[in-house]
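My questions will all concern the structure given below.
Read from first to last, the chains carry the letters A, B, C and D; within each, the first residue is number 1.
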Amino acid sequence: MPANDQPPAYSYLGPAGTFTEAALKQVPEAVGAIWRSVNNVGEALADVVAGRSLAAMIAIENSIDGGVSATQDALANVPGLRIVGEYLVPVNFVLVARPGTRLGDVRVVNAHPVAYAQTRLWLEQALPDHGHLPATSNVAAAAALLPTGDEVGVLADAAIAPPGITEHYPLEVLANDIGDNPNAVTRFVLVGRTSAVPPATGSDKTSIIAELPDDRAGGLLDMLEQFATRGINMSLLQSRPIGDALGRYRFVIDLDGHILDERVADALLGLKRFSPHVIFLGSYPRADQQPVTVSPRYDNEAFVDARDWLRALVAGEDE
Amino acid sequence: MPANDQPPAYSYLGPAGTFTEAALKQVPEAVGAIWRSVNNVGEALADVVAGRSLAAMIAIENSIDGGVSATQDALANVPGLRIVGEYLVPVNFVLVARPGTRLGDVRVVNAHPVAYAQTRLWLEQALPDHGHLPATSNVAAAAALLPTGDEVGVLADAAIAPPGITEHYPLEVLANDIGDNPNAVTRFVLVGRTSAVPPATGSDKTSIIAELPDDRAGGLLDMLEQFATRGINMSLLQSRPIGDALGRYRFVIDLDGHILDERVADALLGLKRFSPHVIFLGSYPRADQQPVTVSPRYDNEAFVDARDWLRALVAGEDE
Amino acid sequence: MPANDQPPAYSYLGPAGTFTEAALKQVPEAVGAIWRSVNNVGEALADVVAGRSLAAMIAIENSIDGGVSATQDALANVPGLRIVGEYLVPVNFVLVARPGTRLGDVRVVNAHPVAYAQTRLWLEQALPDHGHLPATSNVAAAAALLPTGDEVGVLADAAIAPPGITEHYPLEVLANDIGDNPNAVTRFVLVGRTSAVPPATGSDKTSIIAELPDDRAGGLLDMLEQFATRGINMSLLQSRPIGDALGRYRFVIDLDGHILDERVADALLGLKRFSPHVIFLGSYPRADQQPVTVSPRYDNEAFVDARDWLRALVAGEDE
Amino acid sequence: MPANDQPPAYSYLGPAGTFTEAALKQVPEAVGAIWRSVNNVGEALADVVAGRSLAAMIAIENSIDGGVSATQDALANVPGLRIVGEYLVPVNFVLVARPGTRLGDVRVVNAHPVAYAQTRLWLEQALPDHGHLPATSNVAAAAALLPTGDEVGVLADAAIAPPGITEHYPLEVLANDIGDNPNAVTRFVLVGRTSAVPPATGSDKTSIIAELPDDRAGGLLDMLEQFATRGINMSLLQSRPIGDALGRYRFVIDLDGHILDERVADALLGLKRFSPHVIFLGSYPRADQQPVTVSPRYDNEAFVDARDWLRALVAGEDE
């Protein structure tokens, strides 16, 4: 919690120019706040837990590369957190170099492994003989091209970086739009400390992590039926190793709807009874703002009506 | 409700000597009450609805013959009723005749169709050439043997009747234990007017009747999952035609457990949301007094714990 | 099998004038055959098993009264039979009496119990003080009104009978259309000895009887999933007691489709593996001649394609 | 296919000393063969497709880090491949440095990101102020410590490497067993070109990749029921983005059993009918050599019996 008159702080994977920063720019409340650039998701979440930041922006899924394991595992292991918002950032890349470099000069490319994977087709065509030097972040890949001491990147001739990188560094763009998939997008979540859930907006998502009971086959099927039987759609189901043995997984799940929606609350109750370990990560507005549509069979009124009916039955009133 | 100082009345399919009477004899509260002998289940239930009787004893299922359709249909169609108890009566039969008759003399046998069906094997062996005269009840079959006016039964030489019939009528037993299945048993229920449900005893049964939504295949499967997903065993599932068209059914269902058991209440809520028409017939102690065993995953505590957990989540308390 | 030049025989619940006879009249092959009138379904099926008849017409379900238990139990217990056809007969009733009788004179009504149940509303209004004398069949109820010896029915003043009864007996109709439900219909099946299944017509039904394995909860759910998972609709699910103990049932099931339809064959394989006892009663054309529509996901081609695919995988051919 | 008298070649993520090489050492057939060290899974599989190698050893899952996305995606996208074997390699790490370096001297650590993640706890304790330099492989991290030209690693003081690295490079071990989880293990698969499936061993695994039909909710549930309804256990279920849009996944699945096991073949047929795109990656012996146990309900005999039964039904033979 920000002391005195300090503005609140937001942590993000920096430095300036990263896709994470682009996600944080979408948060109206973050305007005028302190932006803390950190090196990884662990630091970002530690800032939140320790109260150094009000919230942290972290990447959770990429349309090409899938779930961000480090984020999913951190959310499973760090208690006291809640996702409060979701943001989408289109992912594209440019190839940048020190001024004066021509494309034909490039032999070694500095790139974060994910960025490298997403530009591989372009690189194989444009620079078939290039070597790859891995970087810790997209911006670091570019920054390292500049001779600022004992940096690694000076060994590279070019770097793969987010568009806009040249606003921050004196580099030149050798090629634009080099991402292999023009529709690539990364999903970010804003994570704060646990607090009372915000009201439902009608266009919400609920994130949970759940383990299966050990003692039964078909456990995953039974878990998924908790959602299906209440008409709840899953937009994400990702298995992550618990880590104690091969073949033991927890599941990261995104549901359409809000914990204050009756059907979601009811499914969470069912899940809690079923699973030896459920983590509620939060209910928050969807980035795409699409309303969640529900059959009347599963809307709030159906739940309220059923409860009224049950109460009357028990009281012995005529149905 | 019995007026003044009148003792309460109980209706049953009479006359004295029927299996239904044997069931009513098992009810401690009925000792000293008025016993109203009626001709069919419709009259018995009408007595209850009109307040002429406190409750009615009616047969609901036979181990050989299955569900009693008339009872099941009446319970589906007459509102304001609740099953309050369950009773089992072993079903066996004797062959009786007017004094002096010998087995070899018997050519025509008076018998209620159900009794006739359950003694067929014996009859085919002992009286291969007999004719069958249908009767409206087991006792009526025997009573009609006696020459009391213009009765039909005098046309018969013998009757199939419950053991003990000779306590009520001056007849002689020609053969004992003539039922084809020595383990045959009939299940009766005591039905009263709707009132507050009695407390759970730990050995309870819940009876319901439910229709399926029209608009989806696999509807029955979905309905049954409401029970399976809460660890609830069904001891009866019987389809009965709704009557408006071939292929349209309602389902008569007996569940292990009591409406005040959390898992049963939760399943009823799910069923109510799913089904266009659910009738709750009552929660009542099982005749066999066997305790209902439940996995800890589905016991009351699991439900209470889950609700506490959900409440804390919404309030923003740490898990 | 009919010897020499004898025409084949068909057994049915007689005598002439019954609804069963009306069903048999719908069978083109039965024209010119011998029609054997029998007293009950047991006799009818015994005729088929013994070869006295080529086939038997038996009632299996009534839209008001539900499954005919005697038929369902007989089909479960008599081996060597196959259903070869299905026929629908609208069920309506007339009140008949000896010539000269007026409606106001009627005090005792002779009626088969099922017919009595289906005309009860009319009887309560038109003859509020009548008595009921049960008969063994609808035609027998009417026939017994005539003074042909020591018959019972002469004790009755009128009888409930099928329309057309006056073609067979010198009786007069006191009232027409006295059935409580104008849409009532009875479904009959024609049952022959086991032989190779007829080809599929595209508008077929398959009837089976199956028991559940003892050793698992949710067994019925698992059984029904055998059909659901192959896109097969059930038009009938009826439980019948196995008879050895309360709570032990077998299930009589009608499926849309033919055993030679791939999806039905596959479901029967699944059912056979699952159930300790499955009886195949036959695949036969539907009475309503409505084509069975199937999603492409479950049509024959999908099954053939999948098998070709699997064969290529095993052989190591490229997919 | 190896030409002339050339021994066959095996591709693996090199250089010598990697965990992948340790996996390849477990393959008896690879003794005496040519071992082709490649830089990534894409190259390894390309060698197989082009016929330069008989097979490739690739990492597919780590007990801590989960599925190897690059491998899973490559197997989904490169046709003509089959997994032929599975191998487990315990994963542990040492910290190595140029001779003479002391632990207290280490400021920058060269490490493959996965190795870095799995030793993070140790590093934070032993070297709280270290910097991380990412490397492309575990061995490359170590090799780069040596001054062989313009290499990057010389900027680092130490490297995280597999045990045994000092057999290949003149480095000294500063610390042993620095992996955070002593039970960490990586699962490798040996991948060859598509050919006829090997016989079942009784201890087999089957790997597939499947997409869900677009047009229905509960699709995943339906897919998983294909396995559950045949008693087949899943040891892996991993979602991977198809890549065309957020929220569209394919599923990487490992099943217990072999395609020549009847229940697995039957499940694959069901899956093929259900899924718009199924890739069969192979049936192969399990690394742990544990026999797959199956309920008699799902063993081969149950399938054969059911087929015999169905054939007899269709032929009209008595059951």
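The rule is simple: contacts are C-beta pairs under 8 Å (C-beta built on N, C-alpha and C of every residue); 3 or more make two chains touch, one makes a residue touch a chain.
Quick caveat: nothing in here was measured; it's all calculated off a predicted structure.
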item: Shared interface partners, meaning chains that touch chain A and chain B; value: none
item: Mean-CA-position distance for chain D and chain C (Å); value: 58
item: Distance from the mean Cα position of chain C to that of chain B, given in whole angstrom; value: 26
item: Residues within chain D bordering two or more other chains; value: 225
item: Chain-to-chain touches, reported pairwise for every pair that qualifies; value: A-B, A-D, B-C, C-D
item: Interfacial residue positions of chain B with respect to chain C in the complex; value: 61-67, 69-70, 88, 113, 117, 132-136, 150, 152, 155, 181, 183, 185, 187, 217-218, 220-221, 224-225, 228, 231, 233-241, 243-247, 249
item: Chain A - residues contacting chain B, complex; value: 79-80, 82, 194-197, 213, 222, 225-226, 229, 259-260, 265, 268-270, 272-274, 279-280, 297-298, 302-303, 305-307, 309-310, 313-319
